[in-house]
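Presented sequentially are two complexes of chain A, the first with chain B as partner and the second with chain C.
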Partner chain A sequence: MTQTPIKTSTGKTFTHLVSKEGGVKYPLKALNVCEETFSPLEVAYDYDEIRRQVSRESIEAGPHSIWRYKAFLPVESENPIDVGTGMTPLVKSNRLARQLGLKNLYIKNDAVNMPTLSFKDRVVSVALTRARELGFSTVSCASTGNLANSTAAIAAHAGMDCCVFIPSDLEAGKVLGTLIYNPTLMAVKGNYDQVNRLCSEVGNSYGWGFVNINLRPYYSEGSKTLGYEVAEQLGWELPDHIVAPLASGSLFTKIYKGFNEFVKVGLVDEKAVRFSGAQAEGCSPIAQAFKEGRDFVTPVKPNTIAKSIAIGNPADGCYALEVARKTNGNIESVTDAEIVEGMKLLAETEGIFTETAGGTTIAVLKKLVEAGKINPDEKTVVYITGNGLKTQEAVQGYIGQPFIIEPKLESFERALERSRTLERLEWQQTNV
Partner chain B sequence: MTVKVLVPTPLQKFTNNQATIECGGSNIDELIDALESNCPGIKARICDETGKPRRFLNLYVNSEDIRFLEGTDTALADGDEVSIVPAVAGG
Partner chain C sequence: MTQTPIKTSTGKTFTHLVSKEGGVKYPLKALNVCEETFSPLEVAYDYDEIRRQVSRESIEAGPHSIWRYKAFLPVESENPIDVGTGMTPLVKSNRLARQLGLKNLYIKNDAVNMPTLSFKDRVVSVALTRARELGFSTVSCASTGNLANSTAAIAAHAGMDCCVFIPSDLEAGKVLGTLIYNPTLMAVKGNYDQVNRLCSEVGNSYGWGFVNINLRPYYSEGSKTLGYEVAEQLGWELPDHIVAPLASGSLFTKIYKGFNEFVKVGLVDEKAVRFSGAQAEGCSPIAQAFKEGRDFVTPVKPNTIAKSIAIGNPADGCYALEVARKTNGNIESVTDAEIVEGMKLLAETEGIFTETAGGTTIAVLKKLVEAGKINPDEKTVVYITGNGLKTQEAVQGYIGQPFIIEPKLESFERALERSRTLERLEWQQTNV
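What follows is the complex of A and B.
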């Protein structure tokens, strides 16, 4: 009989903040920038302590949420804010995989993450728990939409004041999906990079906890759970290849960090996982740098329907480049038309309705397969990070229409005949 | 000729904790040198060893990123506003 190791240690697992360039250490406060180099600060952990605290069994016995990985997250609270975030389905793809010619494709479906249907609930749950610990009563963010939804919702749950900033041209679903929680919503006449800059300036003077500015080192750690969950859901094994969307580049680098941490504490075996990133052509500064072999990212002005990933000046762009290159991955971009096709393809083959960012990721997956850059046997995980109901405008006009009929059998039969004719025509078109 | 420079918190120790200072210079390069004469030590923070602004720092002239203008050659006119903003935010 094997015995479950007893894990009794409960000490703090995170120790300080550290500059990603130069290694200067900082205290665990609301700080995001190294004063020497202006590079990002990152949370440092005591991995020996984590190893003492966790085992596969202890994680499996934990809450059915991201908090089963609490030892790997930068919070101290006994009771972190838990709104059921995380542990979203990892779906083994059959129909999409067959269509693309892949044998081992999995879809990590954060389109159904809780409470606001995007991966942002992971980072916000961590950020607001930490914000509470640091004594903030007002939380804020600069958002392309999903983060606004999530910050407003989880702040409402936690009883915190909330003021969020978005570009004024966002999809209606994202605006409404923020306002319902009754935060103060600032719709800024400008693109995301301008919103972000405004928030960087506001951040210092109002004493608010900006989840993706002064709380960014804590916030971004939440994305590691997308790595942990995939490893656990694959049966405590790392995949061979992942494909994820790139906006700021943070999510991508944190999945990488998550996999490495699981290896470091002995929860999974080491494996060379390839990391491939997806951008929309209308905002592809990281993909352009990748193609041109540059190690720096030149900012662009976004122009794409994939608004949730339209960051022209990506803060972690250079680190995302580094991860893709050192893991032998790729970074590709696709057009808006391909993004819409990607959304439809995922919906029609897997029954998953994703937003434009997910359409981008599926379209890039397809492009990489067609270019022979993904081996059909590779265990590939594609990350779907948001829900299609929030970006309905993107597919309006590209999908079918309902048949309006009378409540009579004859009317139904006529419409059914028409629909079958249309289907035949579509097939003929496809064959040509 | 003077331009208004908005200084981020981590650099305010060089400006007597002032968030805004006035300075001269006909382009960004000259402005950075002028800043250095007024606030010794600030240039080494703004620029890397090649003398160019650090990659994690954004500079704006009247709200436009200098990388969309002429970089550090971007010309400055009397009354322009130059902002220095740490880039690590968002996403």
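What follows is the complex of A and C.
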């Protein structure tokens, strides 16, 4: 007996671009701003078609990467650029949770995302796949570092020409971690906002695909996968509360969009998820607006060690504000010293070495718990978005030193005695 | 109609320790050398029991980490320490393969292994799980860097005390990437072999679990997962040829053991796999023995930028030699300059930033292809074992520079013109 196979539709799931304000429609080209309303453009989907195409089972049977959610992403290719990006661990926290007094803490660890160890690999995989579909042979970006690493690496893999723009004062690891892939690298004497403005000018005249400018509507959709994965990894359930870093504000709003889409197509039950955001005090325009009850963001000049999130004029700042407010979340900021403490705390309790942005998020998590703004029972997910090996300068001088010894047992024993004395002193100091 | 569920046996699959020479049996304790034959001890398994427990399907349904192969690993715990280690991408190479003239090249990419970006996370996950079972509360290791990172991180996650020994001249990234987890760190004025000797003395008197000394029989088994994963990721088939770096020689012999075990329990068909090894010329005792037809390894004093594989007196050198010879493979060495070129080549063609050990392996792969020692049609797997962000010094000065520009269109245009002129000159130089 043979069965007629169930026809699987593979129709296109995304239909057009639409302006966030006013709903003006545009074709699926390299466009990012509505000419009428000046608001950003977003990708629009056919959710009935998505519902027909996907189920929990079909997703679980897909690749172990962001492409298991391909029906929710704005690409047509049968073979998108897949370098193993996504499906990073969702770690159930034991030691950090205990230290903070939380009972249901999870860490989404994009510090080990592939290939370049930050969440940017998600957005770049989507953007470069779409860039190829749209016929671009040169790709580019304005970056605070992680995006530069990711664009250069994935462009190298895909054999595309690449020109990357960064502020000239970036951490050494981020510069070298870009140059190694041999792109053209422009180090601009200025902050990220100035780099970004320059790139908009270049974009108009060179016909390049700027992943976070003219390709931004496609690019930014990649961040939704940080929502999808958490929902799937929690056993097809949404968390109660998420804490994520805020730079442009895009990541935050896209996690929100991802959760809502999963509800819309019936993959998870509806739930009120609280969204809390983290900024560095030295660049906290969104946190300031939140505290002051404003619904607009006043640009600031960044001055913080958390360079990867130092965006003084955040493109999606007002949308991030809106999400935090309507979900009963919070937006907090922390000092550079607290950021370093956050990095150390995560490393010492969970064995995860994150960059300054992750230190910011952990420090804000701590601050929110201490202020009673996170309930110990809430199923809370904290998003770690990048790797500490790229911002080594930030912790140099704030961590312990090795004991320098001779290759002899006596020399080791003297050092061990010293280390135990130091531990006792530390213990006495904290237990006076 | 209900079916009787098939009874799944979960009996212990490892039975005792046994000396590599002479087959002397020992109990499953923290022991690594046979007192009668002085040869290393290895874990012995009950392969009939493993065959009863596992199938391709049961493995595929397991966790997305090394623990899907738990039946083949020497731990008893129901909940081994799982921080997402393993199941790194096996990338089908396009651009590197084309450049080298290979048709079936795959890259096993442990540069993105979790949590600390090297294959050492595999062996440490196994060793610390076993250390916990054996009652150790303090774990330790002698390391060239990657093992230090991994032991410190996973011990932090598991809440175990940790003391790590390294040579004092290690790369900055490896020192900081250890200290961040707050272990006791001993930087020994000497090379790895001196560090290792010191640790053996310490091990005898302190009752600590040294992952690569008294726990070595358990620890080293973790490397077998690099064999299992490749076989599974190739669609339950063995490759024709593998190329891997040689430090102590353990990794190499354990990949070989992994393949053979999969054949033994019927998960893959038998196949003659060729094993080729890579060393840095500045520390190539195994390659020298191979060239000279010796079956013993003469220790050397290391002097190379490839510090993570700079072991002058390799514990498993003679077994690695034996594997290369009996599988019709080769062992080659390359200069430091070739190592840097190998790192750049892999980054520029595949978007993978590896450390010096990976540069060594790529450079040896190239050398073997050019010498006609790898057939272009062979299904070849090259093992990349660590991340380039940890050895930034090695490529600093050998990669391009950014163009420093003002945040103005004219400044960008002048730089772009310069970069295009440089490219033309380079093209002319290589096409004279």
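Quick note on the criterion: the second predicted complex is superposed on the first by the 424 of 432 C-alpha atoms of A that agree within 3 Å, B and C clash if a C-alpha of one lies under 4 Å from a C-alpha of the other, contacts with A are read in each partner's own complex, and residues count from 1 in each chain.
As a convention for this text, a residue touches a chain if its C-beta (ideal position, glycine included) is under 8 Å from a C-beta of that chain, and two chains touch if they have at least 3 such contacts.
Note that this is a predicted model, so its numbers are computed, not measured.
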Let me test your reading of the model: by the given contact rule, A:A127 touches which partner, first (chain B), second (chain C), both or neither?
neither
With the two structures laid over each other on chain A, which partner does A:V369 touch: chain B (first), chain C (second), both, or neither?
neither
By residue count, which of the two partners contacts chain A more extensively, chain B or chain C?
C
Check the residue A:V139 against both partner chains and state whether it touches chain B (first), chain C (second), both, or neither.
neither
First (chain B), second (chain C), both or neither: which does A:P40 touch?
first
A:V230 contacts which: chain B (first), chain C (second), both, neither?
neither
Pick one for A:V334: touches chain B only (first), chain C only (second), both, or neither.
neither
Thinking of the overlay built on chain A, is A:A324 touched by chain B (first), by chain C (second), by both, or by neither?
neither
Taking the superposition as given, does A:M87 touch the first partner, chain B, the second, chain C, both, or neither?
second
Looking at A:E201 after the superposition, I want to know if it touches chain B, chain C, both of them or none. Which is it: first, second, both, neither?
both
Looking at chain A, which of its residues have contacts with both chain B and chain C?
194, 197, 201
Using the touch definition from the top, list the residues of chain A that touch chain B in their complex.
21, 32-40, 142, 192-194, 196-197, 199-201, 203-204, 210, 212-213, 216, 220, 247-251, 296, 298-299, 301, 311, 313-316, 318
The chain C residues in contact with chain A across the complex are 64, 83-84, 87-89, 91, 94-95, 109, 112, 114-117, 152-159, 163, 166, 168, 172-173, 175-177, 179-182, 184-190, 194-195, 197-198, 201-202, 343-344, 347-353, 387-390, 392, 395-396, 399-409, 412, 415-416, 419
Write out the stretch or stretches of chain B touching chain A in their complex.
6, 8-10, 45, 54-58, 60, 63, 65, 67-68, 83, 85-91
